[in-house]
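Here it is, the structure, as structure tokens.
Each chain gets a letter, A, B and C, in the order it is written, and its residues are counted from 1.
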Amino acid sequence: MTVPLDFDAVRLADVSRHFGRRRALSHISLEARRGDILGLLGPNGAGKSTLIGMLATLVAPTSGDVRYGGRSARELGPPLRRQIGLLAHELHLYTELTARQNLTFFSNLYGLDPRPTVELALERAGLADRADEDVVGFSRGMRQRLALERALLHAPRLVLFDEPFTGLDDKAVGLVSARLRRLAADGAIVVLATHDLDLADGLVTRVAVVQSGRLVSDEPASAGLRERYRSLVGTA
Amino acid sequence: MRKLFAPLLIVTAGMFAYAPIVIANTRYESTMFLVQKIFYFHFASWMAWAAAIGVCGVASAFYLFRGSPAGDRLAVAGAELAVLFGAFGLVSGSLWGRKAWGVWWQWDARLTMALMAELIFVSYLLVRKYGGPGAEKLAAGMGIFGAATTPFIYKSVDWWRTIHPQTSVVRKLGDGTVPDMYFAMLYCSVAFLLLFASLLTIRMQLEGRRAELDRLYLALEDPS
Amino acid sequence: MTFAKAAFLVLKKDFTIEVKSGEIVYTTLFFAVSCVLIFAIAFVKEGQPVEGAGAGILWIAVLFAGNLALGRTFERERYGETVRALLLAPAPRAAIYVGKLLGIVLLLLAAECLLVPMVAFLFHAPLFSRPLMLTAILSLGTLGFASVGTLFAAMLVRSRTRDVMLPILLYPITVPVIIAGVLGTSALLQSPVDEPMAQLWIWMLVSFDAVFVTLALWTFEPLMTE
């Protein structure tokens, strides 16, 4: 029986990406390890989403490479994606299906036993009583909770969140933050891209600031995140 | 390639300068007389067209699977030349048809198919222009599929009864009874292929300059 | 997660969505039927259908309806960007393509089950004289068209100009399918039935399908990653 694929760290080595004349990312070198909550901070258009896309194997770099435990996505093949979970702004839900159907589909797709997995996910999302309603009727907050559970169904090693707090009320933000902390404590590598400094403050363990495609700083998180960010990026 | 370019250009120019003499020296075809002689350029341009399509298809594959930017440049050059030589073939065919059959256009299978295939490469250029970000990849997909479908288009023509004389003419020319016509056909085909190679080289150099310019723009922003 | 299982899951998911709303199935069928009726108006002279028009009309209806269905199927994946979620599945990415392809083929075959009797009836076309060969031509032609169509619709899913670009790109490439389909079906409509001709076109479709399904399987992943 083969050892299931796993890794301790994901590393971007001198990664660049450009679209014609427009540079999206420029010579970024970054590493995230188990237990880290790495905050990718920066203004809109800085390249955070492109970075997340690269970590998720959806975007290819034009130079440099991304290594998962020392190996590239190409070497590792489809099984690598078993260890990657992505929650982006678009939520990745089929609105024509019910919550249960959405979760069942993705459980099956990841080779998980649907019934126990789906029940647990529904409970965690607090949607057990609305499980058989179409997602189209859910509020933004409910969809977000469902999308969060969908992304984490397969307990991936690398958890990627791209602006997960958009449009959430206070309670929901608290739930998501608590979830992130728990994931990191359980040994996941968490990468969180956001432009909301107040939410990142106190949540992230490392901070990588990206501006105009360049890595401006990569350091452990400390108190006074907003001031530190301002000094690096300016108030523009 | 640089070193070969000047001689290539000279040989091409020379061949084209001499071509009218070669063509004038061929005998008249029995039914169409002088008008038939447009065939030598008409057929030759389809040869160049086929070469352009092949280049576009293979280069697109290199770009798509290997990420080779040179592949992308070669693909766009090939597609533009396919449109160019195809247009030449269609126009010369139309002119010939007017004289030989009395109409500017016939819904003849061969001509229709050539028009369809030409459309593919016009679409290639449209995709590059209007496809938005990532258009080069979409176009590469189009290039590969376009090149792959062209032989099928050609084959469907062969199996569909047609009034178009070409297939039989070419075969007839090859059997040795009309060496001067056969020679003229080959000569013009070679001339057009050399023209294709010259234009391809020029176009590639242009794209190479553009890529260099992009690289400089990007490098400008780097602090290192 | 094997290739076949992943493809089947995608197909099942699309089927589940369709069963609930029926949106694509009903609109596609209705569109195909109205195509045929519109052609009926154009091609019926003095109460008699134009000789031999049946084959062409059948195929045009299938192709137009197919174009619509392709657009709608991938529109569904565009909303909520579920395409990305599918690409993130731990299965070979080409399996997604196969799942979608099967869905489209089944949909078009269902449309053809409706269209063939309709065209036969309205245009006095003896389409049932050689049912096996007709089935072969229709299924192979549908597969050929759908194989290229599914790939192009997928690669255009994030493009702004998708609705316009899909037919522009798709129809020229699938010209051999159109020719083979129409001429093969026409051959079956002659009296007496021109069997060798029909067989010739069937072979053309077989080779087209083999080449293009393979090409699509190869190019799906590179085309879908940015």
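We adopt the following convention: a residue touches a chain if its C-beta (ideal position, glycine included) is under 8 Å from a C-beta of that chain, and two chains touch if they have at least 3 such contacts.
Quick caveat, the model's predicted, so the values are computed rather than measured.
Enquirer: By CA centroids, point me to the most central chain in this structure.
Expert: Located nearest the centre of all protein C-alpha atoms is chain C.
Enquirer: Looking at A-B and B-C, which one has the bigger number of contacting C-beta pairs?
Expert: Counting C-beta pairs in contact for A-B and B-C gives the edge to B-C.
Enquirer: Report, in whole Å, the distance between the mean C-alpha point of chain A and the mean C-alpha point of chain C.
Expert: Their C-alpha centroids are separated by 38 Å.
Enquirer: Distance-wise, how many Å sit between the C-alpha centres of chain A and chain B, to the nearest whole number?
Expert: 49
Enquirer: Just how far, in Å, is the C-alpha centre of chain C from the one of chain B?
Expert: Distance between chain centres, rounded to whole Å: 31 Å.
Enquirer: Show the residues in chain A shared as contacts by 2 or more other chains, in ascending order.
Expert: In chain A, the residues touching two or more other chains are 60.
Enquirer: Any chance you could list the residues of chain C touching two or more other chains?
Expert: 226
Enquirer: What parts of chain B, by residue number, touch at least two of the other chains?
Expert: Residue numbers touching two or more other chains: 134.
Enquirer: For the complex, give me every residue of chain B touching chain A.
Expert: On the chain B side, the touching residues are 67, 133-134, 214, 217-218, 221-222, 224.
Enquirer: Residues of chain C touching chain A in their complex?
Expert: 1, 6, 9, 13, 16-17, 20-21, 76, 79-82, 84-93, 225-226
Enquirer: Residue numbers of chain B touching chain C in their complex, please.
Expert: Interface residues on the chain B side: 64-65, 113, 116-117, 119-120, 123, 126-127, 130-132, 134, 137-138, 140-142, 144-146, 148-149, 152-153, 155-156, 159-160.
Enquirer: Mind pulling up the chain A residues that touch chain B in the complex?
Expert: 18-21, 23, 26-27, 60, 62, 212
Enquirer: Which residues of chain C touch chain B in the complex?
Expert: 148, 151-152, 155-156, 158-161, 165, 168-169, 172-176, 179-180, 183, 200-201, 204, 207-208, 211-212, 215, 219, 222-223, 226
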